[in-house]
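The same subunit A turns up in both complexes below, where it pairs with subunit B and then with subunit C.
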Partner chain A sequence: MQTKWRYTIPWHIVFLLFITTLLFPILFAIGSSFRPLEEAYNDVLNFIPWNPTLENYRIFFGSMDVIQITFNTFLIASCVTLFKVCTSFLAAYAFVFLKFKGKDVLYFLFIATIFIPFSVTMIPNYLVISDIGLSDHLVGVMLPQLADAIGIFLLHQSMRTIPMSLIEVARLDNLSHRRIMKDIVLPLVKPAVTSTSIWFFILSWNEYVWPVLMLKSVEQYTLPLALQMYMSSEGGTHFTVAMAVAVVTMIIPLLLYLTFQKYIIGTFTSSGIK
Partner chain B sequence: MNKEIRFDEVSKSYGETEVVKSLNFTIREGERLILLGPSGCGKSTTLRMIAGLEPLTTGDLYMGGERVNDVPSGQRDIAMVFQNYALYPHMTVWQNITYGLRVQRVPKDEVKKRANEAVRMLKLEGYEDRLPKDLSGGQRQRVALARAIVRQSQYFLLDEPLSNLDAKLRATARKELVNIHEAYRQTFVYVTHDQVEAMTVGERIALMYEGELQMLDTPERVYHQPRNIFTATFIGSPPMNVIDVSIIDDVIQVEKQRIPLPLAWRRHLAGISQKRLTFGVRPEHLSIDKEQKEHALCGTVKYVENHGDTYAVYIDIAGVEWIALHEYRNWTQGETVYLTTESKRMHFFDRETTLSLGYPIHFLEEEQ
Partner chain C sequence: MHVSKWEGRRSYEQWKAYGLLFPSLIIFALFMIWPFFYTIYLSFFDWNMVAPTKTFVGFQNYVDVLTDPITYKVLRNTLFYIVLLLAMNLVVPYIFAFVLDLVLHRWKGFYKGAIFLPSVISLVVGSILFMWLLNPVSGPVAIVLGAFGITMPVWSKLDGWVIVGLSLITSWKVFGYNFIVLYAAVNGISREVIEAAKLDGVPLWRIFVQIVLPLSGATGIYVLIITIVQGLQYVFTPIKVLTQGGPYYGSANLIYQAYHEAFVLYRTGHSAALSILTMFIFFILLWLEFKFVERGIHYAN
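This part shows the complex of A and B:
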């Protein structure tokens, strides 16, 4: 019994430190968002709100159309997720179940695009979107994000586990590709599709650099841009208000994650093992 | 409608490797044909070409008199049972059986009627709402069969359907398959590497080896009159003894031993100029004796293997190993024994071409 304790206590300490490091910024944001600005400035690291106030939230909701901004963020994230999952699903289906010339080379090229940094494509994308007149427009934010090789890769990994004979039985039944996708492949890769969707949603929800480049008018802003208003040279340094925005930004993805966490964890572990 | 399947110079290659070489044969309407052969002989590829799951490299495939090279799988009117059963894991037994029909827009009453009949026939009552993962291997196999039956297709293809079952289940499943075929009489093509399955299920056997058809005939002929050495040694367990011999002055010479060539064979082989032949005899057709006998080959017992109902006695004759089956175990290592066989149990093959030299005509008449 004693040896068991001696063995486990150091590990518990390591994990505790690890979790604290992960949770600290989140607790800091939540705590600070309920503190008066002056008090927060005097003692930054002590984030526990001894004199809790809703002032920061009042300032945020009073100075901006929060509903509109949240809606913008939600609209972009939902459309991007929907499109990206659809394109990834179709591409992965083709790469796994169809036979065509150059399939392996093409798949390799697709996967290679994962390793191209955003900064490389940022300027060309900006020029193209401006040229077609979609800058400062939500569609302009969405457009370059509608397809992603990561999604193809994740769904490809998941579809590969479906035995080919299932698809062959369907072909003998004279099923169309649409039917095979809807009735056979989709139900079998549903956990992967769900978790990929959640992941895409969170990525797009948190996206900062691209919307900053694209969006100029406040009514088109997304939540990460609103956050910047209180933390930059233009918006001053109302960091407690910024923390309130951060908390609002966090709520929807957090709810999504809590609802679907079983799928998300499942996908990442299974794509690693298989 | 004529439901035969005809291969006309059909071959299949993957890159440089030719897995099926110029096949020419016909599967008759309504027959049970077994594609038999060791693994990698091209039998499954042949079946998949019939199903339209593999395109032909060269040649033409005809089904029901129509060239089907470019006809997609779904339009060939085929039901197929896969080795791993290929049941949809997210659908219940009932959904698995009826899904194909529902997609084809078969009227609901008809779907129900056919599925109920199949469920009854394959004793799946009470399992309709279960998922495949909650079934045993034998039950899954029966669901796969039920799903194929309800389609009422003209062609019924089975790719090693029993290989995942244990020996006892396999015996009952074989009978079930024959019953199903007797009931519906589709053109039935069955792939297996198991010769017992081939013998029990098949009306005709197509034996394949290295992508080539070795023999296509009834199970009896394949066993009693093999067309070549491969067929002779592949069918039967333990395999046929095949030994190089010379025939000089109507005497068979096995190394230094000589036995006279029986009269019937003397006449039959008279016209054959090549006298260096391969002689074959099945272990079950060799008699062993401790006493010296006339026209017997003399050898030494190497070891004895227990096969349950019989014993396989391994005998050394001038450095070549022969196998004989015997009822009793009363053989000791190193003992001298004498082997004889009946003339109608002998086989002779051309050493160059490995082809059978045929059989004296009255032997053939006796077989029939």
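This part shows the complex of A and C:
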């Protein structure tokens, strides 16, 4: 027992220090966002708000329509998530349970899309979406994101654990694929569907690269764009206000993660690439 | 008759499968595969994205890109990003995953949860937080270093340092996901082999190198590949928000440079040629993925 502790204590210290470093920026942002600007500016290090104020949030909410921007972010993230999970579920079901010609080629093609960097697709997508008049429109942001090979991959890994014989028996009983999906497969892979959904929602909530190309007017902005704009237009001097915007941007993903932490970590742990 | 019924059912199943794949396929075709070929097409034309006509120039864009010294600077930067991202997001989390699984016995759930947490936060948020934390004059890190008599470099204005800074910011987000995936792989290795080695008094670093690395190798390669493919795209955000590729292309990587050519300089052909070169590198990684990783997925269980 003694020797065991001698081995583990240094590593516990390493882990605790590492986690403190990782989480410090978040605590720093939350703390600073409640401090008066001059006080925070003169004493950056002491980030605990001894004289808490909501002034920074008031400035942010006064400078732009935060409700609208939050709603835009929420709407894009919800639609993208719903579509992506549905398209991924159907495709994963076909890949796992159905026999068809060209399965290997199609699977390769789907996985290959992960390897196409956005620099390759950005110009044509920008042109097409502008041509159909959807640039500077939330739908234009959503369209290219409605399917995702990562989702197909994660659900594929989860569905593979279902015994094939279960599906074969259901087919012999003349159950339709729709019924098999709804009544057999979906209940069995529900944890994976839940965590994939939350993961997609968080990814889309945080998405920056594509929206920044698409969205031009402030009333269409999403939170990450608002945060970036505030920084550049204010020249970076209103640092406590920027921290307030950062807190508003990260609060939803953080709450979702803290609520569904076990699901999310569980799915990535059992996605089973061995 | 029996056979034909079976045949009929098989072809019905086939069409059903194509039907289920159709929604994903149409999105991929419209927004991934078609754009890929259109970008190849654009790489042979001189265009500025607004002019009504494109001028065919053959391989001139590729010649321009390959003779431009900035391209080589960007390539060197990209390579430096890859090395740093791999060190911070493959080597370190691999060791951490090994230690958490085989050395530590308490607080595993807490450690996993806390280490993953930054992965759910926007990189724009990360960029802005670190811009303040790593401010070389008034930031907390500079103040603490100053107390030890160390002057912090003005990292965002210096070649090399700027890439270190931006890689650190990106790693803050990427680390947790990679850590969890690697932890799962290490955790999936049969306990008997490791326990036997431990009983024989094999030192931990040898257990790591000779048992854990080979037995979790497919995941290791998977994490290596996604760290390069997604890492280089993730870095785009801090580059765009904090340095815009500066100082003088000192922080631009291939992806950012393609964006810069297209949406700042309006040289569509150059951007497309650069993207196609990037694609070549990524295709080598795709080949690796199918050679070493997907095979494991199909036949492991």
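Here is the rule we go by: the second predicted complex is superposed on the first by the 259 of 274 C-alpha atoms of A that agree within 3 Å, B and C clash if a C-alpha of one lies under 4 Å from a C-alpha of the other, contacts with A are read in each partner's own complex, and residues count from 1 in each chain.
Basically, a contact is a pair of C-beta atoms (placed from the backbone, for glycine too) under 8 Å apart; a residue touches a chain by one contact, two chains touch by 3 or more.
All of these numbers come straight from a predicted model, not from anything done at the bench.
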Partner chain in contact with A:P163 - subunit B first, subunit C second, else both or neither: first
Broader residue contact with subunit A after superposition on the shared chain, subunit B or subunit C: C
Touched partner set for A:R179, first subunit B, second subunit C, both or neither: first
Touching partner for A:L213 - first (subunit B), second (subunit C), both, neither: second
First (subunit B), second (subunit C), both or neither touched by A:L75: neither
Partner chain in contact with A:L143 - subunit B first, subunit C second, else both or neither: second
Intersection of the subunit A residues that touch subunit B with those that touch subunit C: none
Touch list for subunit A against partner subunit C, complex: 7-8, 11-12, 14-15, 18-19, 22-26, 28-29, 32, 41, 44-45, 47, 86-88, 90-91, 93-95, 98-101, 103, 106, 108-125, 127-128, 143-144, 146-147, 149, 152, 157, 160, 177, 202, 205-206, 208-209, 212-213, 223-224, 227-228, 231, 236, 239, 242-243, 246, 249-250, 253-254, 256-257, 261, 264-265, 268-274
Subunit C residues touching subunit A - in the complex, by the definition given at the top: 10, 13-14, 16-18, 20-21, 23-25, 27-28, 30-36, 38-39, 42, 49, 96, 99-100, 103-107, 111-118, 120-126, 128-133, 138-140, 143-144, 172, 175-177, 180-181, 183-185, 187-188, 216, 218-219, 222, 229, 232-233, 236-237, 240-241, 254-255, 258-259, 262-263, 268, 271-272, 274-276, 278-279, 282-283, 285-286, 289-290, 293-294, 296-297, 300-301
Residues of subunit A defined as touching subunit B within the complex: 163, 165-166, 168-169, 171-175, 179, 183-184, 187-188
In the complex, subunit B residues that touch subunit A: 51-53, 72-76, 78-80, 82-84, 86, 88-90, 99-100, 103-104, 151
